[in-house]
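For clarity, chains are labelled A, B, C and D in written order, and residue numbers in each chain start from 1.
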Amino acid sequence: MSIFLKSILIFGGLGLGLGILLAFINRKLAIAKNIQLEKIIEALPGSNCGACGFSSCEVYAENIADEKISIDSCLPGGKEVAHAIGEIIGKEAKLREDQIAVLVCQGGRKECSERFIYDGGTDCRQAYILHGGNKSCVFGCVGFGHCALVCPFGAIRIGENHLPIIDEKQCTGCGICVKECPKMTLKLIPRTKLVHLGCVSKDKGNTVRNVCSVGCFSCSICIKACPYDALKMENNLPLMDFSKCTDCGICVYRCPTNSFNDRANARPYAMISSLCNGCGECVKVCQFDAIEGKINERHKIIIAKCIGCGECFKICPVKAVKMAGALGHQRAA
Amino acid sequence: MTKSTVWIVLSLFIICLISAGLLSKVYTLTRARIELIQNEKTQLNLAKVSDDTTSTQTGTVDTIMLSCLCRVLPTSKSYIEIIKDTLWIVNDERNQKIGIVFKIAPQGYGGPIPIWVGLGTDTIIQKIFIEADELKETPGLGTQVVESSFQEQFTKRAVNELKLSQDTKGIQAITGATISSRAVVNGIRDNIKRYKKYLISDTLPKAP
Amino acid sequence: MVTNLLLIFIAAFIVNNILLMRYIGLCPFFGVSTSFSTAFGMSSAVLFVMLLSTWVTWILYHFVLIPLDLVFLRTAVFILVIAALVQFVEMFLKKNFKPLYSAMGIYLPLITTNCAILAVTFLVIDYKYSLLQSTIFSIGTALGFGLVIILFSAIRERLEFAPISRSFKGYPIAFIAASLVALAFLGFVGLFGLTL
Amino acid sequence: MITKQKTNRWKYLTQGIILENPILILMIGLCPTLATSTNANNALGMGIAASFVLICSNIVISAIRKFVPDSVRIPIFIIVISTFVTTVDYIMQAYTPSLHKVLGVFIPLIVVNCIILGRAEAFAYKHNIIDSFLDGLGKALGFTLIIVLMGIIREYFSKGAIFGMIIGPKALISNPMLFMIFPPGGFLLIGIFKAIINKFILNKEVVE
């Protein structure tokens, strides 16, 4: 059976040769397959969302293994992943705050009229090509939901007022929507930050006023009102310095067009106890004249007017003021 | 070599051995039948190109059913294979040489075009036959070269008339397939020159 | 001689385009052509591997299988060689050309099951091409594959935002778009007398 | 316990035909489907050939799955599948030469057919022999069903016939829709099939 023999020899030989070659090259070319890399890859969420700036988790893991990059830039993973990796490579994880994406524009279909009727492609980027969208406010969010499309965690949906609504539990702060939004109306702020400005319009005051009912027309009341001078006007918008701001909420309530967005579900209110010696310091401080009472008599708080900013609480020399309701500034939820 | 790599190489080797053995068994089993069919087709093609009506005896080629495998040979002819699968000498029943048949495969652009050419002793082409189904083409799409009208032009043509031209003197190329028709014409002409010497010598020449 | 090669190239590149006219290599075609970068990565990987495998299999066929009359082993040997080749290329790239590997690497395992590579090795044998002709043929086919897949990835990126009814979104509309592109490629039949 | 075992086995079989139909749902194995479904006979031929290879390779792979080292499993699968494909190739050459000619390069391409390698990798490598046989059978039936269906439609429109018997109306035969034989027709047909399937699945999902 020469055919039988020949075919066995040739094919068997080929198989053997390839097997040996494979094994040999496998060892010679084997890159240092460090087990650490495997473990890091396992610790990463693996959704390849690109928030860490790399095309995939694997590439990010390789960079961590080569100690080229801080180990907490995996935003979706957040603290647990950072800790896990920290243990793996034995380096304390320098924690970057957990972040969350927020919409910095409140001009929906009701508040802000439309410049022209547009029935083109139903995607923000397409609408953006046509004079920046059909909203009369040039800077505002056109609301066609591109951010909802690209969010890898499905945290964004478009509300009936034609504006994106971000579900804070789902949102991991990966920042993809911020990058993808053509109008740059989404911003990443620390998850613990409650108050942020809800307007991005750099127009002059009067153009904003006749275009959007909730736009900031840079009256700068908030800047004067803020006890911690955390705000300063910059091209017609009050820029907030997060380190100074204590989320007291004064700017939110003092703003005539409530352009500020307050993420706190419930705010506390102040109560004055019997210790009050009627010195009146708190009355001077309270910007919402929510405190009434005559000198040297116990003062009283008008709960309806009190926004729970806590200024009286801080200023009261005899510590007579207590904050009640929403457990101080924490959110009720 | 750790134990696992030995096992990797070994398992690959064993699988190759088994499959090679199996394949050779299958091949030897089916080879007989394939050759049978192959011969059957060559006989059919030989008959197609060498029905030399001008030859003395009157035997005409009767139809040969490919499907039924009984070999109904043309009544009078016998074919002696000179070069395996490329050249045959055609003799009538009194073993007189009446022509040769050769198979060529000039290079078209859809792949090689297999052509059978029957040549009478007077170097006049009796007939040519292009095997349509041999062409390696996407199933279901024929190519124009195969049309019988193109093949008919070659019947009863002398060697010097074999050139592409517009008038009826030469061969009209098929529209849209100029490259392939030129390949066919040149292929036939060059090979006639090569095999001409087998026509003249009466004795059986040694294979070149 | 040169026109002959040029015509083989054009036949492989456009007229008998492997994807649209011969239907070979469709599985990765619909899978990978969603975005330009993936399409480009895939087609460069295909070009690289197709050329290598055509050479190796051509030499193996003509100098080993034919003299030993083992033509029936053709399928098994070819596919084994291609699988091993892809494995070596992947390891080699991973070791020496890291950036190239990260751009092209992810598609390499995909290529072993790519019908186009094996099809080219077979067509080259069936057409009885010489080594030079088969090199030209495989380059032409790979470029044809790349051309169509990149062309199509642009179309599919546009399709993402087009208003399409729900049941047609995704693959159905991709197929219909592919049929229109194939119709356009059908126009090339007969170019320079090259028939299908 | 046995009934549960039997039901999900039965599920393997029926899943392959509609729910997890390889061509329409899993979107694999498109190359042979579009290429050989130009008429019903070729489609049936390719369907049977692919099914034979799929079922046998599923059985063999699940039989030897314990001895196959993981790092080299793809080459071993490929050798097993190519053995079956070569056997089918040579059996077809011996017994159905005309069909073999028409299917041409697509028979060896069954080796890299994504269905077979896909099923081997995803299913047969992890389940016992009976389950993989049933799964292979289900997928094969699903594949053949769709490919023959497409063959019938394409042949009807392009030749007004089904399995070669002319039944189409006069108008269709006099000027047939050749578009269906050419590649665009195939793509269009698959697109429409997929849309129909989406329609069912989509509103089925909504119902759930």
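Convention: a residue touches a chain if its C-beta (ideal position, glycine included) is under 8 Å from a C-beta of that chain, and two chains touch if they have at least 3 such contacts.
Owing to the predicted nature of the structure, the values given are computational and were not obtained by experimental measurement.
Student: Any chance you could check whether A-D or B-C wins on number of contacting C-beta pairs?
Tutor: B-C
Student: Select the chain at the greatest separation from chain D, using centres from the mean of Cα atoms.
Tutor: Computed centres place A farthest from chain D.
Student: Hey, which chain is the most central one here, using CA centres?
Tutor: Answer for the innermost chain: C.
Student: Using mean CA coordinates as chain centres, what's the gap between chain A and chain D in Å?
Tutor: 50
Student: Can you work out the whole-Å distance between the CA centroids of chain B and chain C?
Tutor: Here chain B and chain C have centroids separated by 32 Å.
Student: Measuring from the mean C-alpha position of chain A to the mean C-alpha position of chain C, what distance in angstrom results?
Tutor: Comparing mean C-alpha positions, chain C is 45 Å from chain A.
Student: Mind checking the centre-to-centre distance between chain C and chain D? Centres are C-alpha means, answer in whole Å.
Tutor: Computed from C-alpha means, the inter-chain centre distance equals 22 Å.
Student: Pull out every residue in chain A that's touching 2 or more other chains.
Tutor: Those would be 3, 6-7, 10-11, 14-15, 18-19, 22, 26.
Student: Please set out, as single numbers or ranges, the residues of chain D touching at least two other chains.
Tutor: 35, 72, 75, 79, 82-83, 86, 90, 105, 182
Student: I need the residues of chain C touching at least two other chains; which ones are they?
Tutor: Chain C, residues with two or more chain partners: 21-23, 72-73, 76, 80, 84, 87, 123, 126.
Student: In graph terms, nodes being chains and edges touches, is this line, ring, star, complete or other?
Tutor: Chain contacts: complete, every pair touches.
Student: Under the stated contact criterion, what part of chain C meets chain B in this complex?
Tutor: Residues 4, 7-8, 11, 16, 21-23, 72-73, 76, 80, 123, 126-128, 190, 192-196.
Student: Where on chain D is chain B touching in the complex?
Tutor: Residue list for chain D touching chain B: 35-36, 38-39, 42, 67-69, 71-72, 75-76, 79-80, 82-83, 86-87, 90-91, 93-95, 97-98, 101-106, 181-182.
Student: Mind listing the chain D positions that touch chain A in their complex?
Tutor: Those residues of chain D that touch chain A are 72, 75, 79.
Student: Going by the contact rule set out above, which residues of chain C touch chain A in the complex?
Tutor: Going by the criterion above, the answer is residues 64-65, 68-70, 72-73, 76-77, 80-81, 84, 87-88, 91-92, 94-95, 102, 161-163.
Student: Where on chain C does chain D make contact in their complex?
Tutor: Residues in contact with chain D: 20-27, 30-31, 72-76, 79-80, 83-84, 87, 112-115, 117-119, 122-123, 126, 166-176, 178-180, 182-183, 185-186.
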